[in-house]
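First, the structure itself, so that you have it in front of you.
The first chain written gets the first letter, and so on, giving A, B, C and D; residue counts start at 1 in each chain.
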Amino acid sequence: MVDLNVKIHDLELKNPVMTASGTSGFAEELTDFYDVGQLGAVLLKGTTLKNRDGNPYPRMAETASGMLNAVGLQNKGIDYFIENIYPRIKEYNTPLIVNVNGSTVEEYIEVTEKVNELDKIPAIELNISCPNVKEGGMSFGISCPSAEAVTREVRRVYDKTLIVKLSPNVTDITEIAKAVEGQGADSVSLVNTFLGMAIDSEKRIPLLSTVTGGLSGPAIKPIALRMVWQVYNAVKIPVIGMGGIMNAADAIEFLLAGATAVQVGTAIFKDPFIPVKIITGIEEYLTRHKMQSVNELIGCLQM
Amino acid sequence: MVDLNVKIHDLELKNPVMTASGTSGFAEELTDFYDVGQLGAVLLKGTTLKNRDGNPYPRMAETASGMLNAVGLQNKGIDYFIENIYPRIKEYNTPLIVNVNGSTVEEYIEVTEKVNELDKIPAIELNISCPNVKEGGMSFGISCPSAEAVTREVRRVYDKTLIVKLSPNVTDITEIAKAVEGQGADSVSLVNTFLGMAIDSEKRIPLLSTVTGGLSGPAIKPIALRMVWQVYNAVKIPVIGMGGIMNAADAIEFLLAGATAVQVGTAIFKDPFIPVKIITGIEEYLTRHKMQSVNELIGCLQM
Amino acid sequence: MSKKFVEDFKVAENIALNSSNFLIKLVSPKKLPDIKPGQFVNIEVKNSDEIFLRRPFSIFEIDYQKNTLSLIIKILGRGSKKLTELKAGDTVNLVYPLGKSFTIPQSDDRILLIGGGSGVAPMLFLAKESGLNRENVDILLGARSREDHVDASEYSKYGNLHFTTEDGSFGEKGFVIHHSVFQQINSYSKVYTCGPDAMMRAVAKTAKDEDIFCEVSLENLMACGFGVCLCCIEPTQKGNLCVCTEGPVFNIKELKW
Amino acid sequence: MSKKFVEDFKVAENIALNSSNFLIKLVSPKKLPDIKPGQFVNIEVKNSDEIFLRRPFSIFEIDYQKNTLSLIIKILGRGSKKLTELKAGDTVNLVYPLGKSFTIPQSDDRILLIGGGSGVAPMLFLAKESGLNRENVDILLGARSREDHVDASEYSKYGNLHFTTEDGSFGEKGFVIHHSVFQQINSYSKVYTCGPDAMMRAVAKTAKDEDIFCEVSLENLMACGFGVCLCCIEPTQKGNLCVCTEGPVFNIKELKW
């Protein structure tokens, strides 16, 4: 038996495979297919202080080996989550992580304070990288001062594992990573989606109601992998890698580049079983390569 | 008959379809397939002051809907070009544009001065965005002051059409575009490749000798298109768009987003006839949509 | 929430109904779960360098004995084209059953089913499953021309078939809302419709004006099909709802139409 | 520079030579250009969501009457696998003819052709085109085991066939450099080799030591195949050269081996 356990600060995971925020609902949707207790963790849908309707339809466009989305953080707000959803899902046998969003630092703080009270939420992922909202979101994640400010303030009110989710839409992602590490982030997760655009050449209109949206899927994997590798070499806190992971080989590439755990996002739309298949695939890989633990892969790219 | 002519500053093109630098050799290679006189222009292979061996093998890796390259500006230097290659190609019936590279501002200037003497080279493309060289290259293109400095100095010694090629590996490409416009660039071309990475999960080694390389192909199209649209809305000089263009529909999307002309790169590796097919395709599109001129498409995205 | 599956099916047959519509019958190695009219599958398009996501299609017919499930696929773009090229014996992967079904009529209902284009599929499925006597079921199918209609004659045992064509080449001339049975919309207790947006909106408008129960089945761009991506929304009285889980069937009163 | 083409061919036949090697015969609707041993094609792999670039394969046989061109494809990864699934009648697109050929022997040459793995293809092509009497041509083919050898018996009319297997199940036991004809390398005026890197390096080393003319055909990762991308380089005495245009055939004196 190989050992798949990994640790993200205080958070012990039975395996390094999480599902990404905004691509796995509130975990319940996945339970229609399988027991989510198999997963390393589930990142819940991006949550804000108040109800948000999100952006108008159309919100997605297929692209070469990927897709654009412009969901825009549609959610019913943190109070609705606490009252109506949390009670239904809190007994799932996997760590549930809330993806915290805000248009102002105060909003981030308020949401975090509320989540801090929830026994069964061992960690939050601070989303400072959503490209699909007008205020807040990515604007916090593309400059060091603002990324620092929001991390510092949220850290003050949060006791458990604080993961900060980074935007890839920057010149040097290691600077942002170091900035949030300096303000007490326990881990960084990367990457969120790349700002992209698609056009209907026949109708001469943008395919998304918001013109631009977030690019995800295998198309972005080479860039995401490079960023994970750069950040791994720049910070001391554990890195959570994602961006286009479709199978176990992809996940292992991220581990080798330095990720302690990975998140699977868009792949779930193609097949909700992919995260589970990746867990099995990593297990098989370790056995085949006569390794005892997944930790033997993390950061072990040979140069 | 529809009108395909476009103008990039002083440069009149018979159609808006160019082949991208580093993907169409010195045009001669394409003449093995067809008459390059059909093309709007040919961007010649990246040229430096002195001979460069480029990076060690392996220099490429296939990725989802794209590829990474780490060629590293292999070329024999500007003098070799002028003496040995230029005389062979100068009579081609299409504008030949030299892609100028350097590790220092002085090198950029020296190469430019030499190219300035060549009658049949009506324009240069200043490459401040190559991700595959240790010194110079992309480092000039990711900060406004350095992009400004090199553009200003090159502008001083160059009389003909000066195109500056921008890197997409930045937080805000419009700032760089505005910076080089401010220093006298006649046009900007974008995007160069995205810095990416690929790993062999079985062997646990990077697939490129240089670990990271430049991502091109359809995978990057949504991001490239977004950047072209942003830059078009930020500057007054003509924009040349590229990144993953594989067919006429793709090219038209870039024109709609604001590109006055497009460059076709990686697609040539799949089929060297693609640039020619795109010209025909644009012609057909204009006829089908009862348009007289390709200028009716440029920047005409309906919002 | 209800149990959903990701399963490989084999293509049993693929029949061209006309130049653009294909009937594809798929067989599962496993017992099919319970499936109701209005539900759909999300189908993987293999061996294509252009297609990344699955494509949703309404379920048209079910045979629980033979474990077959049929779809009617109309060629719209690249994915539907590729699917219509499937051959008997090929494997396709489905995520299913997805979405909510139509409200099954009660025994005293008189229903009108209005289908257009590929929306014919769930209408015929509903006719079959309605549990009503055929005289209480009217099926109105619209198309541009005679050759765009699929052969629905088998369904005359479940209801009275009526047709319109825009060019008058078959059935009554005009759109479905111009058909004589539609003029009697007040004689039905429930109206169901699936098809092009414009058609459904026209039907819904009359049904709303006349205050008749009416359900429509929306077609929307979907990424996941099971409620996790929030791409497939429709603005409703209760805010933006996911068409894939809260629909595709909606009562027109819920919508902002 | 010489004229090159991008052309659709039809698959005439696809024959499994053994479990991993396939002989694929392609037919062109047009007259084939002149093609020499050592030249290659860059072939598009269609209907795959994983493969973006073409894959290079040496030309194995040419029939100018029938306008056919054959390849021997060994399954290595995803692209070669997909190509070996081609069926008669399928269309494939080639960029060709690419690269430089082997130096055609002169009438007084005695030559040794050493092939391993998929490198067998250009060696047999060269045997056929050498223009020499069969007694002046020795063809030495190496493989792991009997079942890994392709049937080359037809080529005995162009030269004397010799075989090695690592397990001794066919021909002499060992690697090609252990074979008795290789021991007589001095009796040849020209040695040609194509196959796994380690094999070619071993052959080249002896040829270099013995100062015998020797050409090798390199296999390298290629993006374009016609000299524009500069991805396929080999460090040589003249600096980094493109394998696709300056090779794939190199005289070992040019290399840094």
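Quick note on the criterion: a residue touches a chain if its C-beta (ideal position, glycine included) is under 8 Å from a C-beta of that chain, and two chains touch if they have at least 3 such contacts.
This structure is a prediction, so every number in the text was calculated from the model and none was measured.
Using the contact threshold fixed earlier, the set of chains in contact with both chain C and chain D is empty.
Farthest from chain C in terms of Cα centroid separation is D. Averaged C-alpha coordinates put the centre of chain A at 36 Å from the centre of chain C.
Rounded to whole angstrom units, the spacing between the C-alpha centres of chain A and chain B is 34.
Computed from the mean C-alpha positions, the centre of chain A lies at a distance of 48 Å from the centre of chain D. For chain C, the set of residues that touch two or more other chains comprises 49, 51-52. The set of chain B residues that touch two or more partner chains comprises 63-66, 217. Shown here, the protein chains touch around one cycle, each chain meeting exactly two partners. Contact between chains, using the touch rule, shows up for A-B, A-C, B-D, C-D.
Put simply, chain D touches chain C in their complex at residues 46-49, 51-52. Against chain A, in their complex, chain C makes its touches with residues 1-6, 44, 50-54, 93, 95, 220-221, 223-235, 239-240, 245.
Of all the residues in chain A, the ones that touch chain B in their complex are 63-66, 68, 142-143, 169-171, 194-199, 201-206, 211-212, 215, 217-223, 225-226, 229, 244, 249-250, 252-253, 256-257, 285, 297, 300-303. Here chain B touches chain D in the complex through residues 22-25, 28-33, 45, 51, 53-54, 56-67, 69, 71, 74, 217, 266, 268-273, going by the rule given at the top.
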